[in-house]
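Each of the next two complexes has chain A plus one other chain: chain B in the first, chain C in the second.
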Partner chain A sequence: MIDFGFTVSPSSRINLDEVDKKSFVALSKIEPDVVKCMACGSCSASCTVSQFQPTSVRKAILSLQNGQISQAMDFLKHCMLCGKCTMVCPRGINTRHLIISIQKIYGK
Partner chain B sequence: MIYEGKKKIWADYQKEIPEDHYFYVRSCIRQSFFPASEATFLDITRNKLGKDIFETEHHTTCGGIAYHSDTIPQETVMTIIARQFALMKKYGYENYVCSCITSFGLYCETLETWREYPELQQKIAENLWKSCKLEFAKPKFLVHASDLIFKYRMQIASKSKFKLVNKNTGEPLRVVEHIGCHYSKMFPSKGVGGAEYPYVLVGMVEAWGGQIIDYPERRHCCGFGFRQYLIKGNRGYSVSNTHKKFESMEPFKPDMIITNCPGCPYFLDRWQYVIAETQGKTYGENGHGIPVFTYEEVAGLVMGYDPWDLGLQTHQVSVEPLLDKIGIPYDPAKKYLGRNGKYLGEPQKPHCLK
Partner chain C sequence: MTNILSVTLQAVTPEGIIDRYPNSYNHFVLPFVIGISFILVYLLIGLVRVLYHLSGEDRIKLLKSLFNPKTALKNLKDIFCDCLLHTKIWKRKPLLGYMHSAIAFGWFMLIVLGHLEVYIFAPRHLEGISEGSLYYPIFYRFFIWINPAHETLRGTVFFFLMDFFLLYVLSGIALAMFKRVRSIALGMRHTTKPSLADRVALYSLWAIFPLRLLAEGFTADLSGGSFLTKPVNWLFKAFFGNELNFMPTWWAYSICLGLFFLAMPFSRYMHILTEPVLILFRNAGLKVRKPRKGFAEAEIYACSSCGLCIDACPMNTQKKNLKYSSVYFIRFLRRHNNKKINEIAEKCLMCGKCAALCPVGVNSPDIRRVQRETINNSVGYDYSYLKDYSDKAAAELSDKPRKSGKVLYFAGCMTHLTPMIIKSVEKVLKAADVEFEFMDKDSGICCGRPLMLAGKTEAARKTIEANKKIIEQSGCSILLLSCPICLKVFKEEYNLENIEILHYTQYIDRLAKEGKLILEKKEGSLVYHDPCELGRGCGIYDEPRNVLSGIGELKKAQKERDESICCGYSLGSLTLDEKDRSKIAESSVANLMANAPDKIITACPMCYKAIRSKADVPVLDFAEIISSSISGLKQNS
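So, the complex of A and B:
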């Protein structure tokens, strides 16, 4: 093996064919609005906690769709359920309720 | 590949490509990376197809690499480009064809900027006159050299001696097409087939008998990305991009890769060596890599050019297994001989990559 002074980083590629979608389907049944998210980021921008901790409903939804469950839960674990994100969502998603439902389905 | 949806996309992105009379500008880096590609383009278009393709030794770089490396300002690049266009007019041409994808993207960007900001265009025209005493002009049609080969693909197919078919099985070769990012990702309407699934190389491969394979990271960058490679500390990022693409295409067992950019074939070819030496992984059959070609090289191969005259000995990944698969004859003894029979020297053999 040759040392070139740089190396290949582990791939961040996600194979969606291998992602278990059962939990997300279950979530969509009780929270149909989850598929309405257009990832605008208004929730993250308005979030008080996100100024101090990596908290984002937008990133959590994307991570759940990509099957990255623990990463998604990390994006929500500091949420105080203040509901500001619900007030600013242009799609009218009840994000506060959605976060509670995510915790019920995916939480340990 | 699932054709139905893609055919609809391709129908939405068609561009007008004039048949003949072009002012041709070369790439800065292709002549050292893949030395015969541009010569092959000129030979095919001029001598085999009888087209009027003019080039002058007075043209320069477009400034793209310096621009994308943030070392020169946009107005400088625009003045360089204005000079290229002025040369086109000086020699009596209206159609401009460039060999490089970076240049093509930069020309598109510049023309759009001038359209959006006419006062800037006026300033560049003044700069051009002050610095070069040349009259400002814009091309009537701007195309990339792969657009032209795409347009001539059926004429090339009619003169072909070989097809992209496995002679042992009779099956079409499984081909990965890789488009340079600056071809149509910035301006989808400027490319044949748009940005998502460009048709320009697909059309060539289909016309010459091959089969395009689809894979998840098809639209991913080759890894060049200018500063990702030019700064040594960032090269891990560059090779990781390439690694991601190869991991994605590997299950589809491609026979070859065709590209239309100066950087892409270089990095897809050379990084296979680095991946092999650092990871111990090869992606072709029996310890070989997947051979990577420019579209001119593939056109030359199907038209019966000698592989060594096409410069295929300068590739990192050996091309002989693919030549054997198609049935293209070659003389191994002449691999490292120059045009006049002069010995060019042989590179050291890699440890992992055959």
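So, the complex of A and C:
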């Protein structure tokens, strides 16, 4: 291959038609709060783990909505469920239960 | 009928007491014999099952505790106080205590005295099953005839005692009937809805003692009676003029007893027999390991379904949440209704109030935690980053000079959300001239308690290991905590040797007592909120109150100490939503404001945030108010 001095990034296009929405519906049944998120990022700002690993409930929810399941799981797998995000969430989302529910539904 | 007559006719006998039935058997004892045999066999099988499901280690623990004189004495005391006298209920609700002890202790005394009577007057009938030892002492008054000419004082004393305790039981039964109609009169706002088996057992229990009175009343002229049965006897004689109702009442009495025993294993009344077993297990120090087997099974069957936990539960502010009370959780566990079990297990705030108030001492939050474990323990996680962190933090701390009496302060996640608490603790420690290391100054990792509460026990062990390493490397001798949630897990799971684990309320109390911290009394009236994990969880009630009463006038909340109401934001609940939580917070604040204090003080960063959002008066953290009350500095000698 000829070296052009640069590379092309793989496509980051998401085809939402191909995303399986069933799991998300199941999730919003178990934890209806998931649709309340307004992506303010208070959870990420207060997160105990985020100083060690990229962890964010906000990003996880966005990734789920985009169908990027494994990325969402990566944002949560380091979580210690300390509950700080629940305390700071302006929408009163039950983040701890949301995190466990996501891990249970998508982790299979 | 003919039997009775034949006996009364051959009354000319030199003995004081004779068997009216030479073979001492009558068909009417059958229902009772069937019932009692069934319950004894059921109990035996159940006991073997429970023991079988205990782990080997637990069984050895149990065996050792039975032969340890100290625990054996405690066992005896607990069984007598809790199963018979019901001192726990007496203390909180005297009328309810009277009702329960009347039925339990009264019935127990009737059985004991009945056996004693037989032992003294007709010992032959205690010798074996063939002699009727199973039923004879129960129906003693039916089988004997006592010659009035030979009636001894000893016999009369027994007649009196039997009647006395029968009256005692009857008064309890009357109260119990009244309670069904108006439970609030006995101090209970809500009671449980009885199941079918409960109803069968309940109504037969109610019938047993009035029927006993009637039955013994009919025979009082033959077999002796006292102030209760004798008048009944005269009344019947005058009313009926014959002995025709003699047998039916004894049959009814026996049938009710049999029915009660047959319904018992499927009803709430199983607690009568299982509570002593639970006491033995608890005093042996056993813990719940499986949600439905072993120790948990003993707890499930020991639940008396009394419903005191319904009133206790902080979720009872909303009627729709009454169904999440411990009593229903245990009922569903008993019925193996998995869907409901999980729903209730995940809803609970784990504040522990139901366990604290439970007259039987069933620790249902523990069962819930283990139940959560069965679902959530397998949820995946990746904590590989913990090792790097703990290595680094341990190295940093171990570089610092080691001194005896070194204090290590761990703030924890929640305290980092309220930096004011950290600043206040630092200020107080500085004022008292205490040198300390700050373990998680730049925010550390979680203590593991939230993971434990969520049922991810295995994951919690990972964070516990990481923290433990740092603490042990630091060479501290006191670990100071400002979050009760951390305190509980540090005390229970960390097994830190030679390190004293203290909450800041305890430490400040100590500093004040030692004179290292002089506090000024300049505050107005204060009320102290007992955080669940600190009070019921770790038993710390007095230390914060000691200190607070030194800086202001301490007012009482409506319910406090082990009856305090959870702030609603406990990490214990997994599924409770924001709306319900804020309702609980409101009721918690209303409870604190009962005596209109100027300020509310709490000692938990979570309670602080929750109460602050609902209260109209200033809410301060314990450390915050102490730091503003320091007057002179040290007085070190």
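Here, the second predicted complex is superposed on the first by the 104 of 108 C-alpha atoms of A that agree within 3 Å, B and C clash if a C-alpha of one lies under 4 Å from a C-alpha of the other, contacts with A are read in each partner's own complex, and residues count from 1 in each chain.
Basically, a residue touches a chain if its C-beta (ideal position, glycine included) is under 8 Å from a C-beta of that chain, and two chains touch if they have at least 3 such contacts.
Quantities reported herein were computed from a predicted structural model and do not represent experimental measurements.
Peer 1: Quick one: on chain A, after the overlay, do chain B and chain C clash, or do they fit? Just give me the call.
Peer 2: Chain B and chain C fit side by side in the superposed model.
Peer 1: Would you sort A:26 into first (chain B), second (chain C), both or neither based on which partner it touches?
Peer 2: After superposition on chain A, A:26 lies in contact with neither partner.
Peer 1: Is A:103 in contact with chain B, with chain C, with both, or with neither (first, second, both, neither)?
Peer 2: It touches chain C, and chain B stays clear.
Peer 1: Determine how wide the angle is at the CA centre of chain A between the CA centres of chain C and chain B, giving a multiple of 10 degrees.
Peer 2: Once the two structures are overlaid, it is 160 degrees.
Peer 1: More residues of chain A are touched by which chain, chain B or chain C?
Peer 2: Chain A has more residues touched by C than by the other partner.
Peer 1: Under the stated touch criterion, which partner chain does A:69 make contact with: chain B (first), chain C (second), both, or neither?
Peer 2: A:69: touches no partner chain.
Peer 1: Examine A:13 and indicate which partner it touches, taking first as chain B and second as chain C; both and neither are also allowed.
Peer 2: First partner only, chain B.
Peer 1: Of all C-alpha distances between chain B and chain C after superposition, which is the least, in Å?
Peer 2: When the complexes share the chain A frame, the smallest chain B-chain C C-alpha distance is 32 Å.
Peer 1: Taking the two structures together, which residues of chain A meet both chain B and chain C?
Peer 2: none
Peer 1: Using the touch rule from the top, collect the residues of chain C that touch chain A in their complex.
Peer 2: Touch residues, chain C against chain A: 346, 376, 379-383, 385, 388-389, 413-414, 416-417, 442-446, 448, 450-451, 454, 456, 459, 463, 569, 571, 574-579, 606, 609.
Peer 1: Per the contact definition, I'd like the list of chain A residues that touch chain C in the complex.
Peer 2: Of all residues in chain A, those touching chain C are 31, 33, 46, 48-49, 51-53, 77-84, 86-88, 92-94, 96-97, 100, 103-104, 107.
Peer 1: Give every residue of chain B touching chain A within the complex, in rising order.
Peer 2: Its residues touching chain A are 216-217, 232-233, 235-237, 239-240, 243-244, 247-248, 274-275, 277-280, 351.
Peer 1: Show which residues of chain A lie in contact with chain B when the two form their complex.
Peer 2: Per the touch definition, chain A meets chain B at residues 1-2, 4-9, 11-13, 15.
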